[in-house]
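Consider the two complexes below, in which subunit A is the common component and subunit B and subunit C are the respective partners.
Presenting the complex of A and B:
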């Protein structure tokens, strides 16, 4: 067990080195001004003042290896460069946008996991019965639905026709209210902050804006969770120990709950953690469709304006989350399922 | 032989048959594009012709059966030639991914030891790179365009095939005919190309081809964000990007511009659905545990 964790931990720096080296190589192909912005977290890069002076000031003519080491050192200090599309340092931009994505993720995760597992279990228990076929067809149609097509459809109906679920994160009046000094931003997540400030009108407004993106995400991931849960359940249902449990005279409900579900959910946890990562990484498309100002929209806007430092900063931020969460999940996984450790 | 047997089972299954029919339809449209939507003489056929200069979309008419989207781009023409773009992009990306994966996986598995360790760690590093964001980084650095979307999609997508290839070879390597060939002194190159590859490659290629649908979605998603195909290029994702500004219709008539999103959206969904229907049935065929 310990050996497994140590092996994974030892690999962590290798991965981070690989990612940073790759990005550094890509950045090195850029023109001087973009490079300045990538390495220097100040508006200097945007003002296009004296290039020579800046290069001298920040030692940007050093040999590549020295540059790389200094860049990595700066990354550890949270210095990710200057974002020209949002007119602030990249770390500041990420810090401002991340709570929005986190909020969206938190609201999406619960319904997706619970709903997906529930539907998958039903489909598997009724294997090859009408209900199984219906959920299966539904899942495959939803799974074939590109996120931007579904998102546009939801926006069209939810806002265009019904007028219930507007795009954006807050209405104009609510945005002003949030910026007032009497409103304390504890977490940056509007729903939670509104509750903590006892502003239920704000809470309601923030919630209304979350419904459409959460619904879109949920539809897409339900289909996926359903399929994984279903096939995993079917596999376990064929095992001998399930037969044994039935032969012992346990009720079907008992067999499903105690013997099948617990084993079937092991692969589902991996999928759930992947989903969490995907969502946290800024659901680029969904945030763009609904004009929801999170990490994803930040990345998309930065990319269309060729704001390299910002995109690279988000990529690094996300890569670190990805690596760390993956590590935690793998370790937890080996705790849940002893078979993993033996590989 | 195996291919024919699998094809026969795919045709027998009603669900995958539907997928095959849909796919055949798209293939016919792609091949017959010059006749279905004849390009104007002297123009690049992949550029959607504009039937005017007004920004506001024009509803379907006898002359333009599916209507004109933002900027008066002909929706029908865009969909027909977009089918070609979809196939081309999907096939190029998948072929390159599979090739890289097959070569690296083959080297790792066949030589083993240090080679295996280094290549697999290399694979792990690429695996821990955020996929979509990686593509966006590349596009931000090298500029938008269809090629600049396809390159990172290949670079960040070969890993599963390398792993799968490695696993297959490790299994095949133990087969007696390979041991026999080695005992006879056949060269490494010949053993790999003649004995191991044919028996390990086939499943990888099948798996890879099932991903064409999702590749087309990824590329279209980037075009939708304005990072893929240049404006006016026949690409479904871009046509949906055009539709974005007209989604909400106008006061009292929210669905006024429905045709800008429904037709490209339908093409997209049906194309992906076709691949998924086949892929789903295929998984069941290949998985002996689900036979019972």
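Presenting the complex of A and C:
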């Protein structure tokens, strides 16, 4: 297994090269006059601007290969470039935004996976009974709902009506508390930093801000997880060995837990890993609605403003995550299913 | 084997969680401070404002967007400030007197201004303000002069050119800044340092020509004239104050400027943090502020809440004190309990559609066939005054203003907006929607050929500005209703796609707005009408020649005249001419709006202030 992991990791540079080369090839189809737009945030700001000078200063008219080589050279010096759209270096932008995304992911992943599997099992076990229909209808409604509609609805109720779950990552008083010198930001994830600083009031505040986005994400993904678990469970339930298990007198609970669920979880793992990747890459709409600035918003803003260094930098970062998470999932497969051998 | 793996995982997890738990519980620090009022309850010491988009830079020599100016306004003071409610009267700020011919501080020829500098003023780091700080501030900003920045406003009155590079070229007698030699660079530095001088407790400005709006350009609200701390600047790696070295700090990339993300002024608030990843500025009251400390102790300007509905809910819940409201959303706040909404606040700003008089028709998808054959327009289509006037009469101004900007605008009187109506005749001619007149002018255009053959043109608006999209559509309806052979198409385009097309002169009409830099009609007639102005740049060679012949002389006369009455006469004439000759289709004079909690007291609207709020003037109280 170790050999497999090492081999997969050795493959990483190839993936990174492929992705960045492809991105630069795409970008090279845009002329320097298109790319210079990132330096002028809006059409009405184009006053007294010598765009030729900007193009020369930032080498926007270089041939694509030259641009790529310069970028690679800087990369080896640990310099990903300056992000015009977020007003900081690309590495700083990623380093500051990723903790937010990671925190959201960490809090979302448990409820989504456990909840989704739980609902799927219930639906499969109560196949074609009212409970099955209700969960499925609910799932279809939630899955079809555009995320901004659901997000706004959650915000309206959770914050507008009840006032329990405000948007943002911290309340104003908590933001000021975090700024104090006595507060040390170890990870950039407010809940964890609050615990490490033994500030339970801050932990509670950060947690309160996480509820609504996590709930929205959970609703969106539950539907998907439910459907996959349910169909996979139904398939396994019809197998002969399940009949055998029942025939030899095992309780239904034992049959489901020991014999069915285990086998039904393999496709679910695939879906869950996709979801994890989606969450780690950032979720633009949920981040926008709940004012939760993570990687998704960073990438979306950079892309619309043609902020090339930022887009390429985030792509590179995301590629690393992609390869690593996929590797972890492959290893998990072999743990869940002894038939899978990693060679 | 498999069972063992799980066992290990569980064991590791237990150890990690246990260790973390012990670490947390045994610690002593982290008691919540008593002054941290929790929750969204009313807090008179904290003001939270949710703005529209984040600042580009905090450097006064580079900042040229309202979001940046909003923040700079709070951190810095200027020599003088606008008198409340006035656009042409001033009060002293860091100067103790406003120069005038009467008090002898403005020379009779209008070319020398003397400012006595206030004593006892403290910077945020405790240092005391000196006349040398004032001198350094202007010299440093002028010599830095980054491309696309606002420094032309000071360079023009002081040296008669628009950029410091132009001045260096002029001194060296060359065409390009790359060719300027070392000696000429030093001479340029010396010229700048001679134009602004310390004289005892005073700072003296020597202008190149009389320049009536000069005081407006210096007044608070003008971020480019903010007063910096010389010693702190040099200690932090900014220009060292010598004529020999300035070019090392000239036109640096935004992020390499010392002041890009820092601030050190004498203003009522001092910077705590600019959290760029959250687009959030935190500032606290400057305890030693010379006008007395601000009533509100801490201010958070959060420009990261981009979704209006989120901002609205936060205002409604009282979690924040004020939010930015785009025009299309302002009806959603009507009748909200506990919230004051102010609408129709007249801005010094207007929006127009520029007629490109010489369209680059090569491979141009916007002009159809590129000929007057009913399937396109010829490149010089808009150089015919009848076409321009016909377009102006075919736009339904009233419908646009009531339906699209929801009444928060007014029909323009020409290129100078309503807010500066002291400078023109407010009963003068205006365009209005008149299909008959539009048809009449279309019939006259190109000797009747346009009416007979028809035309086809594409109007382009920049995504996501739907206000401009609707303006295009209203124009489309107005024109197509006149003659079935007239075809107008409307197309949306991302800014990055639009920019090269606009630069190459391919767009038949350019939709664009102007927000005043300073309160003077020159700041409108120059960009709109002068052949070297920003907007005439989009009208092709023909358009610029037309402007040079019709407007340049009057525009120059206006800025060189020091007699206020004569200036009014000149601008009245220019305003009238801008209607008669219709160089642009003036769409509307813009208005602004504010939405804050009722507990916000002391708000005064100022049409020239880039900052939505002057936090120093505000307080919070529940009665």
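The working rule: the second predicted complex is superposed on the first by the 263 of 343 C-alpha atoms of A that agree within 3 Å, B and C clash if a C-alpha of one lies under 4 Å from a C-alpha of the other, contacts with A are read in each partner's own complex, and residues count from 1 in each chain.
Just so it is clear, a residue touches a chain if its C-beta (ideal position, glycine included) is under 8 Å from a C-beta of that chain, and two chains touch if they have at least 3 such contacts.
Owing to the predicted nature of the structure, the values given are computational and were not obtained by experimental measurement.
Asks: In the overlay, answer first, second, both or neither for which of subunit B and subunit C A:86 touches.
Replies: A:86: touches subunit C, not subunit B.
Asks: Once chain A of both complexes is superposed, is A:179 in touch with subunit B (first), subunit C (second), both, or neither?
Replies: The answer is second: A:179 touches subunit C but not subunit B.
Asks: Is the number of subunit A residues in contact higher for subunit B or for subunit C?
Replies: Of subunit B and subunit C, the partner in contact with more residues of subunit A is C.
Asks: State whether A:335 touches subunit B only (first), subunit C only (second), both chains, or neither.
Replies: Second partner only, subunit C.
Asks: Just checking: does A:288 make contact with subunit B only, subunit C only, both, or neither of them? Give me first, second, both or neither.
Replies: both
Asks: Can A:39 be said to touch subunit B (first), subunit C (second), both, or neither?
Replies: A:39 sits against subunit C, while subunit B stays out of touch.
Asks: Should A:63 be classified as contacting the first partner (subunit B), the second (subunit C), both, or neither?
Replies: A:63: touches no partner chain.
Asks: Does the superposition put A:311 against subunit B (first), subunit C (second), both, or neither?
Replies: The answer is first: A:311 touches subunit B but not subunit C.
Asks: Determine, under the contact definition given at the top, whether A:152 touches first (subunit B), second (subunit C), both, or neither.
Replies: A:152: touches subunit B and subunit C.
Asks: Of the two partner chains, subunit B (first) and subunit C (second), which one does A:130 touch, if any: first, second, both, or neither?
Replies: The answer is neither, since A:130 touches no partner chain.
Asks: Show me the subunit A residues, by the header's touch rule, that subunit B contacts in one structure and subunit C contacts in the other.
Replies: Common interface on subunit A, subunit B vs subunit C: 30, 152, 155-156, 159-160, 288-289, 304, 306.
Asks: Flag every residue of subunit C that touches subunit A in the complex, lowest number first.
Replies: 2, 5, 20, 23-24, 27, 29-30, 32-33, 36-40, 43, 46, 48, 53-57, 64-65, 147-149, 152, 162, 251, 253, 255, 261, 272-273, 276-280, 282, 298, 300, 304-307, 309-310, 313-314, 316-317, 319-320, 462, 494-500, 502-504, 512-515, 527, 534
Asks: Where on subunit A is subunit C touching in the complex?
Replies: Subunit A residues touching subunit C: 30-31, 33-51, 53-54, 57, 82, 86-88, 92-93, 96-97, 152, 155-156, 159-160, 163, 166-169, 171-173, 175-177, 179-180, 182, 195-199, 201, 205, 288-291, 293, 304-306, 335, 338.
Asks: What residues of subunit B sit close enough to touch subunit A in their complex?
Replies: Checking each residue of subunit B against subunit A gives 121-122, 124-126, 128-130, 132-134, 136-144, 213, 217, 220-221, 224-227, 237, 240, 243-244, 247-249, 254-255, 258, 261, 265, 268-269, 272-273, 276-277, 280, 289-290, 292.
Asks: Enumerate the contact residues on subunit A facing subunit B in the complex.
Replies: 11, 14-15, 18-19, 22-23, 26-27, 29-30, 140-141, 143-149, 152-153, 155-156, 159-161, 231, 234-235, 238, 281-282, 284-285, 288-289, 299-300, 302-304, 306-308, 311-312, 314-315, 318-319, 322-323, 326
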